[in-house]
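Across the two complexes that follow, chain A remains constant while its partner is chain B and subsequently chain C.
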Partner chain A sequence: MHKGKFLVKRLIYIVFVFFIISILMFGIYKSLPGDPVRMMMGDNVKPEVWQQQYDTIKESLGLDKPIPVQYVRWMGNMLRGDFGYSTEYRRPVKEVIGVPMRNTVTLNLVSMFIVFIIAVPLGIAQAVKKNGVFDKIVQVVTIVGYSVPSFVIALLAIYVFAIRFPIFPISGVKTAGFTGTGMEAFLDSAKHMVLPVLVLSVGGIGSIARYVRASMIEALRMDYIKTARAKGLKEKVVIYVHAFRNALIPIVTVTTVWLISLFGGSIVIESIFLWDGLGKMMITGLNQRDFSVVLAMQMFYVILSLAGNVLMDIAYTLVDPRVRLED
Partner chain B sequence: MQTENKKVLLSIRDEKQYFPIKKTGFREEQKYVKANDGISIDIYEGETLGLVGESGCGKSTFGRTILQLYPQTDGEILYEKDGQMINLKELPAEQMRELRKDLQLIFQDPYSSLNPRMTAGQIIGEGLVAHGKFKKGDPALRDYVMDVMKKCGLDSYMYGRYPHQFSGGQRQRIGIARSLALNPRFVVCDEAVSALDVSIQSQILNLLSDLKEQEHLTYLFITHDLSVVKYISDRIGVMYLGNMVEIAPTEELFARTLHPYTKALLSAIPTTDANDKRERILLEGDIPSPVNPPSGCKFHTRCYQCQEKCKCETPVLEDKGNGHFVACHYPLEA
Partner chain C sequence: MAEKNMKKRRKSTVGTATKKMFLGGAMTEEQEEVLTPIQMVFRSFIQDKVAMAGVIGFVFIFLCCIIIPFFMPVDMYFQDVTQANVAPGFGMLEVPKSLQGNAKQISIGSTFSVGIDEEGNVYEWGSFPTDKLKKLPADMGKLTQVSAGLNHIVALTEDGEVVTWGNDRMGLGSIPMELRMGANVKEVYAGYQISLALTEDGELYNWGNTYLIDLRFPEGVQGNIEEFAANTDIVMVRTKDGKVAALTGKTNAYTTIPEEIQGHVVDIAVSDESAVAVTDDGKIHTWGNNIKGTQNFPEEIQGQVASIEGGRFHYVAVLKDGSLVSWGDDTFGQTKVPQVDGEIRQLTSGYYGNYIITESGDVESWGLDGYLMGTDDFGRDIFRRLLKGGRMTMTVGAIAVIISTIIGVVIGGISGYKGGKIDNLLMRLTEIVNSMPFLPFAIILSAIIGNKISETQRIIMIMVILGLLSWTGLARLVRGSVLAEREQEFVTAAKALGVKEAGIIFRHILPNVITVIIVNATLSFATCMLTESSLSFIGFGVSEPNATWGNMLNGARSATVIEQYWWRWVYPAVILAISVISINCIGDGLRDAVDPKSKER
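For the complex of A and B:
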């Protein structure tokens, strides 16, 4: 009952924020220097017809109208699922954005999965044997992984695994001219994914393992852990049921924030590995003044972080019965 | 007075519990906090042994070490089960885990000792499942838990509630129900009522004494509240800086106090009697560090009748008759 009311309120709030941000974004991109029509026309147009062609394209893109009218049209189209026309690719944004979106999401989900299956047990093992030799070694390794910038790790990984020992391809999503299907295609793209996933995971493992360790140590210090031991529960139950479930609360927060930043933060990684993803697309779009693409992606990030925050609130209630979604 | 004909439940000999402290220098010698420094006492079946002393004298450590919640440093803790004395320190972890249903603990702080993510019913029932008394999800478990809750003064509608939805007194009742659900023989009540206000304290104390009669329990009642300990205990042990300085039956201890420290403690009990002529004994200074305890009698730095002998010779617990033991070179009235 409470949950339903809460969600409705949150959704209204999200819609509100969404529109405000969209107006801001639209305004900012419209006031940026650079002319998309000119970019689109190129240099090979005869001077006699130049002005005429310029006006035609401008009109067809709707750029001759006043900005508020443009905004309403853009927003209306967006809501109908039409994200505009890419001046760079000369195709609708929707068609252009499909493949990169799939590539980015796959890359991030795979690395997130890997981060979790490694970081969580690692953090727990550290917390249980706090200040032991294992803990100290992992502490050093995680702080290094966490603080070295990802492009440094990326270059290192390329040097070691693609140049000195050419096990994995340097960059790209799949081998050029590759035509295999089924299992072969899967193996090919998996091979291309290894290095970017490795680089994305190193930083993630570093920070998540440290958070898990810290919140587990906090949870293991609580009196109810002694209660659980005094009950005569098995040590495994004490650690995984009593301590870990309580340690989850701060982990949920960090994970959501990190998850949102993962989609934006992979711009660097995608550029280095020439990964045909959203990040790379964003950079190209900005360079080419392809505002339809950039705006559509900006709005994707906005929705992602707004939805992420609601998901975080719901996750809190699942994790901690003291948290109630009210007012 | 009754020591001979009573059955010993726990026999503790020279129990020591040290905690290492973090080294500050690189080549510094490892130092220890000597929380319990050689405690010997027998606990008889069916009695309530009160344990008093200042903050930091090692009372709670003693209770928890008996239950093997810390890795015991030294000494023997023998637990009587089916006519055999079992040394708890030597017991493998798995067997100790099984024994835990006999040896239970009620915590001081009812706020932090209950897992905030479990309902009252889960908290009370979990131990029963762990010890194989019931299967998980068994309807009989629910009935049993509700029965225990009722015994401890909790209504059955509270079964599905979370700890934060209860008051302090109710939470303490959950803690008590939790430990008693396993049908223990020995319960350590570690400051079980200190966190509660006075009216709730008396309710909980009465509940504990009723349950003791019904379930034939033995209590180790740890507290710094002398009025509470006088009310509930059969015997009282007085601790100072990791050692037991005096043990006596309650009446005897109040009537014939032998140790100067006990005397000082008892003189601090507040009274409403205007004609009370007791002399208030003020101890000077703070309790010394348990890292470097004073030589000889540990109390000599604060004792008001300290002599040369006290500074170098450590007194041992001596029987002064009537089940009264004292560790002092110059006991009062002796």
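For the complex of A and C:
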């Protein structure tokens, strides 16, 4: 099968998966507590016109139609970015979602960057001197890193860096009432980001480093490495060009899965550090019973997850010439 | 979560052929030793030091959580404000050496005690809720009586002056004018944000938080009081003519005083929600609510009781022959009265502890001596909740793993063995479930379903959600292994012999992929424990009053708690971390043992 055809097939398939998950989401939407019509109506309706007005709103919302029609309508709204009306913010969800989304994406991308510049060299160094003292120590550290739950690390980080040695602020995205611009504003938000990023990175470094190590060892055992060494290539070239490029294939896969779970996991971290992001918004939405917001968040995570899958397929096809396309 | 997914993802991408090589290759290499694969795995597993350390760590924690609760029972619904945020440590009942042999009077407070010796010197010991308790007022002279409360102390000096120290908020520091003018005070008492003083002429004065306990004197009581007893809700008095009255304007459990005892009462005591009176014929009468067995006194003591004292949930009675009898809550050993030789000069019971002073001035004590790991903001013992929480966390994790393993094995098995359309369909299903963002879905499901159901159903729901969302990786692994196995000769042979399909799958193929399943189950046990803890931590998992390690940490999210009440988060965090690290070590060790190729790494 041709690669292009394979990708098209995967894309069609992803759309299919999205369809199935959207039905599930619609199911969740329908099972949410509370009557949307009553929410729209408010309390100041005279009893005599109540039923009539109720029916009018019901009709205008399309809730009198059969379920499949309702689904199509709901899905259409979702795809157009109309996520409904937030009862907590008293504004359409679309308007309140922008800043948190930017905050969450920033937080996660910075964490991802940190994880990579630490975990990849660490894993390679371990693999090159495998079973040495350094390797053993780092192995123990990484197993601790990915075993300890992120919120425990968060509590510890708060204790050490915000209470014992008050270097970094405990919570928030920026200092309250802060008015500086340019460099000052950047430094202020960078300072607020240190602790959440630190916490999100620890677990990631643990698992990615273990992964890099394993696939590098695998790659270093291959015959082409022996050939490269026999050719008299410098060890650095052998490791970073020949071995690492081949080790990249599994790393790419793993990274995407990890990235998706990173976004999910940041829900917990955001709620600890009161980071004004999607995760915190979702939790407050659930606690305040503001379900339009929650569904929009959910949609974001679903699309992120599916996009991750598509990216993984593409990366996979591009990086690995041996990829089995019939699968 | 990420780690688990990665492992699975990677294995399935490396492909089934490689796996066949791993497993098959290992078996042929060691054939001379004639070991079954399981024996081989076991042998190489016990040589793995890290994995064995993991096994020891996990088994230790597991056994602690299973066995210790039988000896240290815990009531999940129990709360007590008087025991909130007590620091870990023992020695609440450790009477100072210099007080032994010349003790005059002792009073027991929430988590500390105060005593005076024959010379009128003050001694304080135990765990102090506030440092102000250690700042004794200067030149107060000799003391004749002391009383310890929740976090303050009231004392009576030789000159009949009332002094107080410790917590001075809520008006506890402002002793009423009449008392300072030199009223003839007979007895002082420090309680829960309240202080009381009784004069020789039967007048009862109170100061402190008057909103909490609003004293209302029934007619003819004030000025006629002989004795009083108080707890966190009420003050009861005994008048000089042997009557009992509750000093409240409302009708409640304490006011249902039996009519027939009025006029005959010689001693009274109160515990939480119940009261006891001893009448002149030596009998006990109780009224109020029977909480933790505070009204289940032994019948055989009727007619022999001389006096009585009450703690938070227990009573101690002194019989006419001088022996002690106790009943009620025994969580901290409050009712385990010692054998006393000789006369008892004074018996003091309060909160969860008791002291007796013998004729020679020696002090003996029993009851709550301290908390190994402190208490939380509801006064619950963290150590006991930690054990219960461990049970819960492990149970939820284990059942979730069982659910996900069953689904994973069945779907992966059928998919791998049947192949074709069924395989295609099941694998698409696997991918759909796999594409669902795990934590957001778990949170939203738990939030929507969770508020309509009971506590137990909620726990079951968490297990099911975890199980239903985490089987995909295993299904892929099993599918891969089965695909590899079904082409082996023994399967063909079994088919030729006419073995039924189910027989082939479960008797011939499954034993060959069991190692993969076990390794995976171990690692996902750790993941499920982590996920459950995360969910409970943010409040969408198992909820109060049930304890899990995650929801115990939920209360520890504020900076104040992290800083001042470190024991509330350090212990659950450490034990959770150690458990998960241990299980992951076991899982890694098992994988290395099963897959000799990975050991070479």
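One rule holds for everything that comes next: the second predicted complex is superposed on the first by the 273 of 327 C-alpha atoms of A that agree within 3 Å, B and C clash if a C-alpha of one lies under 4 Å from a C-alpha of the other, contacts with A are read in each partner's own complex, and residues count from 1 in each chain.
Throughout what follows, contacts are C-beta pairs under 8 Å (C-beta built on N, C-alpha and C of every residue); 3 or more make two chains touch, one makes a residue touch a chain.
In this text the structure is predicted, and so the values were computed from the model without any measurement.
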Do chain B and chain C fit side by side on chain A after the overlay, or clash?
-> fit
Give one of first, second, both or neither to describe whether A:110 is in contact with chain B, with chain C, with both, or with none.
-> neither
Regarding the shared-chain residue A:75, is it in contact with chain B (first), chain C (second), both, or neither?
-> neither
Pick one for A:226: touches chain B only (first), chain C only (second), both, or neither.
-> first
Is A:194 in contact with chain B, with chain C, with both, or with neither (first, second, both, neither)?
-> neither
Please indicate which partner A:57 is in contact with in the superposed arrangement: first for chain B, second for chain C, both, or neither.
-> neither
Scan A:141 for contacts with chain B and chain C and give back first, second, both or neither.
-> neither
Scan A:162 for contacts with chain B and chain C and give back first, second, both or neither.
-> second
Determine, for the superposed model, which of the two partners chain B and chain C contacts more residues of chain A.
-> C
Where chain B and chain C come nearest after superposition, their Cα distance in Å = 8
Chain A residues within the chain C interface of the complex | 13, 16-17, 20-21, 24, 28, 31-33, 130, 140, 143-144, 146-152, 155-156, 158-159, 162-163, 170, 203-204, 206-207, 210-211, 213-215, 217, 250, 253-254, 257-258, 260-265, 267-268, 271-272, 282-283, 286-287, 294, 297-298, 301-302, 304-306, 309, 324
So, in the complex, the side of chain A touching chain B is made of residues 222-224, 226-235, 237, 242, 245-246, 319-322
Residues on chain B engaged by chain A in the complex (per definition of touch) = 64, 67, 69, 93, 97-101, 104-105, 107, 109, 112-117, 126-127, 130-131, 162, 164, 175, 178-179, 182
Of chain C, residues touching chain A in the complex | 1-3, 5-6, 9-10, 13-15, 50, 428, 431-432, 435-441, 443-445, 447-448, 451, 526, 530, 533-534, 537-540, 553, 556-557, 559, 562-563, 566, 569, 573, 576-577, 580-581, 583-585, 588, 598, 601
